[in-house]
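Heads up, the next two complexes both have subunit A, just with different partners, subunit B and then subunit C.
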Partner chain A sequence: MLTVLITIFVLAAAAPMLHRLLRGATGWALALPVVAVTAWFATLVPAVSGGEVILESRPWVPALGLDLAFRVDGWSLLFLLLIAGIGALILIYAGGYLHGHRHEGRFFGFLLLFMGSMLGLVAADNLIVMFIFWELTSFSSYLLIGFNHEETKSRAAALQALLVTGGGGLALLAGFILIGQVGGTFSFSALLENADVLRHHALYLPILLLVLAGAFTKSAQVPFHFWLPGAMAAPTPVSAYLHSATMVKAGVFLLGRFNPLLGGTDVWHTVVTGVGAATMLTGALLALPQTDLKRLLAYSTVSGLGTLTLLLGIGTTLATKAAAVFLIVHSLYKGALFMVAGAVDHETGTRDVRSLGGLFKVMPITALAAGAAALSMSGFPPLLGFISKELLYEAKLAAPSGAMLITAAGVGANILMVAVAIIVGFRPFHGARQLPAKPMHEPPLALWLGPAVLAALALVAGLFPSLVDRPLVSAAVSAIRAKETTVELKLWHGLNLVLLLSVVTVLAGVFVYFLRQRCRALAARLAPVVRFGPERGYELGLRALTAVAAGQTRLLQHGYLRGYVLTVLGVATVLAAFALVRFGPATLWIGFEDVRIHEVAIGVLVLAAALVAANARSRLAAVVALGVVGYSVALIYGLYGAPDLAVTQILVETLTLVLFVLVVVHLPQFSTLSSPRRRRWDAAFAGVAGLVITLLVLKALHVESGERVSQYFAENALRAQGRNVVNVILVDFRALDTLGEIAVLSVAALGVFALLKLRPGARKEDR
Partner chain B sequence: MPLQLAFSIVLLVRGHNEPGGGFIGGLVAACGIALHGIAFGIPAARRLLRVPPPMLIGTGLLIAALSGLPGLFQGQPFLTGLWGGSVPTLLAGQLKFGTPLLFDVGVYLVVAGIAVHLIFTMAEDQ
Partner chain C sequence: METTLAIVIGGLYAISFYLMLRRSMVKLILGLMLFSQAVNLLLFTAAGLTRGQPPIIPEGADALPVPFADPLPQALILTAIVISFGMIAFTLALTRRAHSSLETDDLDQLGRSERP
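For the complex of A and B:
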């Protein structure tokens, strides 16, 4: 598993370079290894459906209980297959869709980065590892949604998606940490062995709510659903991949994953079912009035995600089964329809359903794929969508509580979905040609291959349900329920209530389709009300956050050097005084018997130079006097056996002087800005600070603090092949610290550079 | 100036046994280049350096980070020091090669890069 992930991430890094080499063939070339990965996942199917759980682990930071552990059970394998399989098709599709785009290579890189993160997320066994991949998916989706980064809309949508899912991610991290505290381990497999511990713990409710917050934001559940339609600003391959089959399903994955640990309680049922039902209805209602193909699909995806959440909330074996089947169905048809929408857009230049029609003659293959996908979406036999819808109704009817309510909501949402399916899958291709007769043709192979394959899969799986039920669905359901379950799917269930509901759904859906104009009119009138929805809350929140940040910056970063120095010294003095009070008073008299003459000389020199600096009437004098202080301190270091420190001090002093000389000509005339009274205050303050620090130093001479660290380092330095202890510490014992320090230093340098270069006025000469 | 650069490298490589090391070496190198800049003008110093200073910073960070990998591949924690052979040198005594030396080279480049970068930017900012 780790090998697979590394391969994909390496491919992601290499994609831009590969693209320069392969040009138009990049999509196909990159799809090859991904197909191989899919095939490898497929070889795992027999073992996993036989009840085996494939575990893989290697230590990463053992001290923190952090292992690169992966767990492939039925539930994750189902996702792995979907992610890699659809991912390969999307890569091919993206090659066709973005053909000749300036940043095509970069796009492939982002796409693969996302794919790797998603695979890692569903395969992770260690919760922290899972969280890291979770954040990586948010991060890479930010890059993908904002791919057209020159458009304000794209950037805003990307930021919105990142903030909403990232916020949820933080909640999730908190939840995971609590789980780690309660369960004593971050390993999911280990937690599974004591599955009841979490449910019976006092912290159960916070844990549950935090994990759910993560899942709901990611899977665009009400009230966080608004980011998904916004994310349609992304190029279509992104929507087809992230917003249909993968990223938005991560929340659903999480729910299924944690069902054995957190599920089954009353809170779980109420919250998950309720939010799922609300999302299902909201999505369906908001979808119908849309006229943009992609927004139609986005809202219907919200509805589909609501359905999945609802089913996992019900949590019966039947509902879980329905969820697993619907997950496959939804990924197949929604991925296909998104790709169709992109292909239509690519060929005609519009995605507005009102101005599309009669495209069947121009692009028959795309039209056929779209039709099949739409049939699957509306639950027509013999497609897999039909089986799924039968199961949905069966599960909802058998729900332990509120069955009638849930079923009614489900039927309502599905009716609307049928109407949407007709609008998306049939409307653009049939009826009169509405577009101006510009030359149009079937999109290239790369653009129709994806939808065709996905639609064909939906058909084949519908005709031969045994292809998916035992190998995939059984294992997935077993993993969610944490007990062995066998699933058998049938196309024909006999004449019963469920079938009746299906028929009613389709008929009513067709009816609603013909009413769509009126729905749009109604929605237009309701628009002012909808504006006060959760998206408004997001905007207000964002504005408040920036306002707070600005206020805080004004308060702390006021730009007065005197204030900064006062703050730093003040805090240090108070802390030092506190330490003194705790450890008792210092010995004041240390005796001057063995003081040598040159030491006294240096001391006098430092004092004199400091006084000169404080009273200097010219800037140069002040700088030079400060330099004298610095060099004298370096002398003291040198005298007391710290040559490294002394050399460093001298060099730093020299560089500071050089920098000062460079900028001194730009500085305004030296002037005394503070009033005499203020200066007296400063002097008093400096005096107190100096006194406290002196006392602290005197005290430090007499504090015995157990074993001396220097002893250890001195003894072990030779083992590390060095005699200079300071340097050995820097580059060997504490090398990681040093690495962090130089990284921070580099970032700081870049910041300084940016500040210097981006000042107003400095910009012109830069160009 | 060449003397100063040479001295900075001596400081760098002997750092493990005698006073010196990447940080100090980097500062000395930066001082040398800054001196050149003050004497002959910043453009001349830039030409002397050949690469833009941010390049030094990036390369240094990369080298320092990469020097941690060999240890990782041998199944030891990241940044574990590994030592190879050694050659005698005139000024730096016995010079041993190893990942900590590589790490120090990274530190040297980062420090020199940052100092030079700051000095150049400030000096050109008029």
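For the complex of A and C:
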């Protein structure tokens, strides 16, 4: 598995270069290895459908318990096949669609990056690895949606998708971390062995909600559905890939993956079923009035994702079966229809269904593929869509609670889907030719191959359901239910309620199709209401965020050094005061018994000189006062057994004073700049801060810090050939620190030189 | 004596804070210089004071006579003195340059000159 992923990522990196070499053939060339990967996945089918789970693990960051672990069970394998198989077709399709585009090579790179992330996501066993791939899909889809980056609309849509799915990703990460805490491991396989631990833990609800937030944002569930139609700004191959087979299904994958760990509870049923049903209806209702082929399909995808979520929410064996089959069906027909929409757009230059018609004569193969896909979408026999719809109704009717409600919602949504299928799959190809007679022809092979293959698959699988039921669906259902389940699909279920519902659905769908004009008019009248939807919330949130950011930047980054200094010093003082109150012994070290008069005199001298320096009107007086402070401090060092410090202090003080005098003569006389009120305020703050420090020192003197490292230095100084312990520390025990110190001085010296000697003006003259 | 020094340190801190809050560049530097003195003294005092016993092993002996002044804070302060010298030198050069380029000693004016 790792080899496959690395191959795909390497291909992604190499794609732009390959494109420079191969030009028009790049799509075909890149599809080859992907087809090989698909074939390899297909060879895993017999083993996996036999109940085997393929595990692969490689240590990555062992210290964190992080392994590059992969787990291929039935549910993963189903996704792997869809992702790689449809991915290969999309690569070919993209080669035709974007032929001659300026950044075609880059596009292939993004597409492969996305494919690799998606494969990694569905195969990952370690939750952290899964999350990393999850984020990679968000990231690469950002690049894909914003591919036409010159357009404001594309950029906004890409950002919207990234923020919504990225936000969900954060929730997911939090959920995963909680799972790791509760379950004691990040390995999905290990968690599966104690599946009930999570369900009975106090943190179950937060975990569930966080994971669901991740899944719902990714799978565009209400109220996060709005980013998906926006993402239609991407080139059509992206829409076909991301919005049929992959990215949006990642959320569904997650639901299925975590069903054995988190599913089966009342909360799960209520939330997942409810959100799924709401999404299913919302998507279907919003789809019908659309006139843009891609937007029609986008909203119908929202509806389809809602259906999948709903089924996983119901969670019965039957519902899970229906979900697995519908997943395949949906990927096949949606991928095909998107590619058809792109092909039509490519040939005619428009995607508006109102101005399309009679294209069958011009592009019969595309029309046939579109028709077959649309039939599958509306659940017509003998396509796989029919089997899926039968199963869907069966599962909904048998739902443990709210069966009637769910079924009614399902029938309603499906009726609308039938109408949408007719609009997308038949309307553009039949009837009168409406486009201006410009020379149009069948799109090239690359553009019709994808839809044709997918539509053919839907037909073949419908006729021979045994091709998919045992090998794929059984294993997938077993993985979701975490117990062995065998699925057998049949085209003909007999005359029963379910069949009746199917017939009603199709007839009503055709009826709604003829009412579509009126629906559009109604939708136009309702548009002002719809504008208050969740998308508006997103916009407001985004605007509020930038406003807060700008406000706090203005507040904190005001550009006055004094303010910054005050903030830093104030915070430091408050923290010190807090430490003073909160920690350490309660008593202060106060004692004057050991006082010597000359030492007190030095202390008084220091303070007096510092005060003089602070209030000096003349610069020279300030410098002299500063010198007094420095030399007095040196005296204190000398008195208390630190001759080295005293000597260094005297030397440095002298140098500093010389420097200061040299510089200060070039500066103007002191002038009073602040107002008296300001000065009083500062003085009060400084006084309080000084008091806090004094108290801190008095308290610190009480703290015994246990064994001192100095003892070690004192005992071993002689072994380092020195009698002055301070010197030995500097040049021997802590020699690296001293080296760092020298480096700092050198940098400072360079800086001083640059500041004094280099003139930007002079450089200009040099040029 | 610790008590006296604690008061001296607090005083130095207070005066240096006050100076650092002034608008004049030169006063800011004065504040910085006093500040580094105060910090060094703080380290020195907080580690505990030992009068007149430098941590130097006498000729002939093979260990320090107890009690001895703690050598570790001394080493730290030694480094700090030198580093603060480097910093002050750099700040002085910066001030000199800023003043010759911008013709002002007022830090608030300096802030405004940053923006176009």
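To be clear about the criterion, the second predicted complex is superposed on the first by the 560 of 767 C-alpha atoms of A that agree within 3 Å, B and C clash if a C-alpha of one lies under 4 Å from a C-alpha of the other, contacts with A are read in each partner's own complex, and residues count from 1 in each chain.
By our rule, contacts are C-beta pairs under 8 Å (C-beta built on N, C-alpha and C of every residue); 3 or more make two chains touch, one makes a residue touch a chain.
Predicted, not measured: the structure shown is a model, and the values here were computed from it.
Participant: Scan A:644 for contacts with subunit B and subunit C and give back first, second, both or neither.
Facilitator: After superposing on A, A:644 lies in contact with both subunit B and subunit C.
Participant: So, A:545: does it touch subunit B (first), subunit C (second), both, or neither?
Facilitator: The answer is neither, since A:545 touches no partner chain.
Participant: Count the residues of subunit A touched by subunit B and by subunit C, then name the partner with the higher count.
Facilitator: C
Participant: According to the stated criteria, A:521 is in contact with first (subunit B), second (subunit C), both, or neither; which is it?
Facilitator: After superposition on chain A, A:521 lies in contact with neither partner.
Participant: Taking the superposition as given, does A:749 touch the first partner, subunit B, the second, subunit C, both, or neither?
Facilitator: Both partners, subunit B and subunit C.
Participant: Once the structures are superposed on A, label A:622 by its partner contacts, choosing first (subunit B), second (subunit C), both or neither.
Facilitator: second
Participant: Quick check for you: in the superposed arrangement, does A:738 touch first (subunit B), second (subunit C), both or neither?
Facilitator: Both partners.
Participant: Scan A:652 for contacts with subunit B and subunit C and give back first, second, both or neither.
Facilitator: A:652 contacts both subunit B and subunit C.
Participant: Which partner does A:683 reach: the first (subunit B), the second (subunit C), both, or neither?
Facilitator: In the superposed model, A:683 contacts subunit C only, not subunit B.
Participant: Once the structures are superposed on A, label A:504 by its partner contacts, choosing first (subunit B), second (subunit C), both or neither.
Facilitator: neither
Participant: Once the two structures are superposed, pull the subunit A residues common to the subunit B and subunit C interfaces.
Facilitator: Residues 643-644, 648, 652, 655, 659, 663, 666, 723-724, 726, 730, 738, 745, 749, 752, 756, which sit in both footprints.
Participant: For subunit C, which residues are in contact with subunit A within the complex?
Facilitator: Subunit C residues touching subunit A: 1-30, 33-34, 37-38, 40-42, 44-46, 48-59, 62-64, 68-72, 74-75, 77-79, 81-83, 85-90, 92-97, 99-100, 105-108, 110-112, 114-115.
Participant: Quick check: in the complex, which residue numbers of subunit A touch subunit C?
Facilitator: 559-562, 565-566, 569, 589-592, 594-596, 599-600, 603, 606-607, 610-611, 613-614, 619, 622, 626, 629-630, 633, 636-637, 639-645, 648-649, 652, 655-656, 659-660, 663-664, 666-668, 670-671, 673-674, 682-683, 685-687, 689-695, 697-698, 700-701, 708-710, 713-715, 717-718, 723-726, 729-730, 734, 737-738, 741, 744-745, 747-749, 751-752, 755-756
Participant: Show which residues of subunit A lie in contact with subunit B when the two form their complex.
Facilitator: For subunit A paired with subunit B, touching residues are 643-644, 647-648, 651-652, 654-655, 658-659, 661-663, 665-666, 720-724, 726-728, 730-732, 735-736, 738-739, 742-743, 745-746, 749-750, 752-753, 756-757, 762.
Participant: Residue numbers of subunit B touching subunit A in their complex, please.
Facilitator: Per the touch definition, subunit B meets subunit A at residues 15-24, 27-28, 30-31, 34, 38, 54, 57-58, 60-61, 64-65, 68, 78-79, 81, 83, 96, 98, 100-101, 103-104, 106-107, 110-111, 113-115, 117-119, 121-123, 125-126.
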